[in-house]
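Just below is one structure, and these are the notes that go with it.
Per-chain residue numbering starts at 1, and chain names A, B, C and D are given in the order in which the chains are listed.
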Amino acid sequence: MISDELKKKLIEFRKKRDWEKFHKPKDLAVSLVIEASELLENFQWKTDKEVSQMLKGDGYEEISQEIADIAIYLTYLCNDLGIDMEDVVSKKLEKNRKKYPSDKVRGSAKKYTQYKSK
Amino acid sequence: MISDELKKKLIEFRKKRDWEKFHKPKDLAVSLVIEASELLENFQWKTDKEVSQMLKGDGYEEISQEIADIAIYLTYLCNDLGIDMEDVVSKKLEKNRKKYPSDKVRGSAKKYTQYKSK
Amino acid sequence: MISDELKKKLIEFRKKRDWEKFHKPKDLAVSLVIEASELLENFQWKTDKEVSQMLKGDGYEEISQEIADIAIYLTYLCNDLGIDMEDVVSKKLEKNRKKYPSDKVRGSAKKYTQYKSK
Amino acid sequence: MISDELKKKLIEFRKKRDWEKFHKPKDLAVSLVIEASELLENFQWKTDKEVSQMLKGDGYEEISQEIADIAIYLTYLCNDLGIDMEDVVSKKLEKNRKKYPSDKVRGSAKKYTQYKSK
């Protein structure tokens, strides 16, 4: 999602402020939930139609910012735990391919709403 | 975080199953919270020491999987809304640089715990 | 929501297992998010119609259980922090009455979707 | 937790504003996560010691307000789905008593951190 160059800048930003000490893995996980919840807040109470209108207005910028926050904390957490995002996403995709063969689940709402990520 | 090639594969995986129709932006935001919360569950009730032990055991693999899920939904949401993650993270970093000048906030717990992402 | 008698039983249940020590306020707050998110999982990807069907089936029991979990953690947190739920809800209702006068906001979607709890 | 009288006032408050139509079960579940996450925000980045200090200051009032919001949405959701909170919490407590016999789990961190609500 983001380049190695930008990742380096994020790590540097944190180091310069001596903020690594606050970024315990548990607190980064807490922060990911908080940011994801702030993203969701932009959709609260809204119908599909109202979501479309919101996305054409100020909502788009606000959503972009929340997405950036999620990506930033995710980058820090992966960095700190030595997790290679390309690698884990790749493996998860392979797993999902086996779990949901396209010829069996294609377009099935039932299969999809019963979908569990684990 | 993930390459354009892998992003293409994720989009293709979804298309082949005809699952785009389930991925309304609001439901993707709901899913991001759910996955972030499943990530957090691995840290629930644990002290720093217990987190370290958990990360040396099975927890590491489980956490990797939850991080993959978050990255996957984030990729879909950005794709669907036309949001360039590199771009929004870059801008957010610039914003944070101005908001938190390193010479003023360096190592300050007070400043950091009062930190709000908005 | 729940009687003083049941509240006592919950406190006793915890005491008998010597579990108070795990219930730090921060971890109870983490647990509330996790349980609320498990509640939300029952609604993930579902349209209004699918939610109705789910509520007529197994979903009803699952949702009842998640609601119980939320109520239990909320009871523990209020007990531990000395917060009187009747009192804080009462005050919040008064606050909301002033903030949203019924003659001004009645049935207004716009006002409602702009509603912020703070 | 809250009296039948206060519950009636909450229902009346909503009715007077013609807001029932916004309170679809899925949106109430979304709102519960958002409020629980706002509660958690007060604990973000904080150590046990910093939490204690926060609770002696402005944090206490903020936390009380977030708890009120959670209790309010929980009350609406139970009302709308015909769920008796006293009843579901009672049954959950019975279930937990069988699942976690006090003589076996007493004070055990291992058992507790492996505790799953389901």
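Following the convention adopted for this analysis, a contact is a pair of C-beta atoms (placed from the backbone, for glycine too) under 8 Å apart; a residue touches a chain by one contact, two chains touch by 3 or more.
Everything numeric here is computed off the predicted structure, so don't read it as measured data.
J.: Looking at chain B with chain D, do both copies bring the same residues to the contact (over half shared) or different ones?
T.: Both copies, chain B as well as chain D, present the same residues to each other, with over half of the numbers appearing on both sides.
J.: Report which of C-D and A-D is connected by more C-beta pairs in contact.
T.: C-D
J.: Can you check how far apart chain C and chain D are, centre to centre, with Cα atoms defining each centre and the answer in Å?
T.: Chain C and chain D have C-alpha centres separated by 3 Å.
J.: Taking each chain's centre as the mean position of its Cα atoms, how many Å separate chain A from chain D?
T.: 25
J.: Can you pull out the residues of chain B that are in contact with at least two other chains?
T.: Chain B, residues with two or more chain partners: 22, 30, 33, 37-38, 40, 43-46, 109, 112-113.
J.: Which residues, counting only chain C, touch chain A once they are in their complex?
T.: 30, 33, 37, 44-46, 50, 109, 112-113, 115
J.: Within the complex, which stretch of chain B touches chain C?
T.: 22, 27, 30-31, 33-34, 37-38, 40-41, 43-45
J.: Across the complex, what residues on chain D touch chain C?
T.: 1-3, 6-7, 9-10, 13, 16-19, 21-22, 24-26, 29-30, 32-33, 35-40, 42-43, 46, 48, 51, 55, 60, 63-72, 74-75, 77-78, 81, 83, 85-86, 88-93, 96-97, 100, 102, 105-107, 109, 112-113, 117-118
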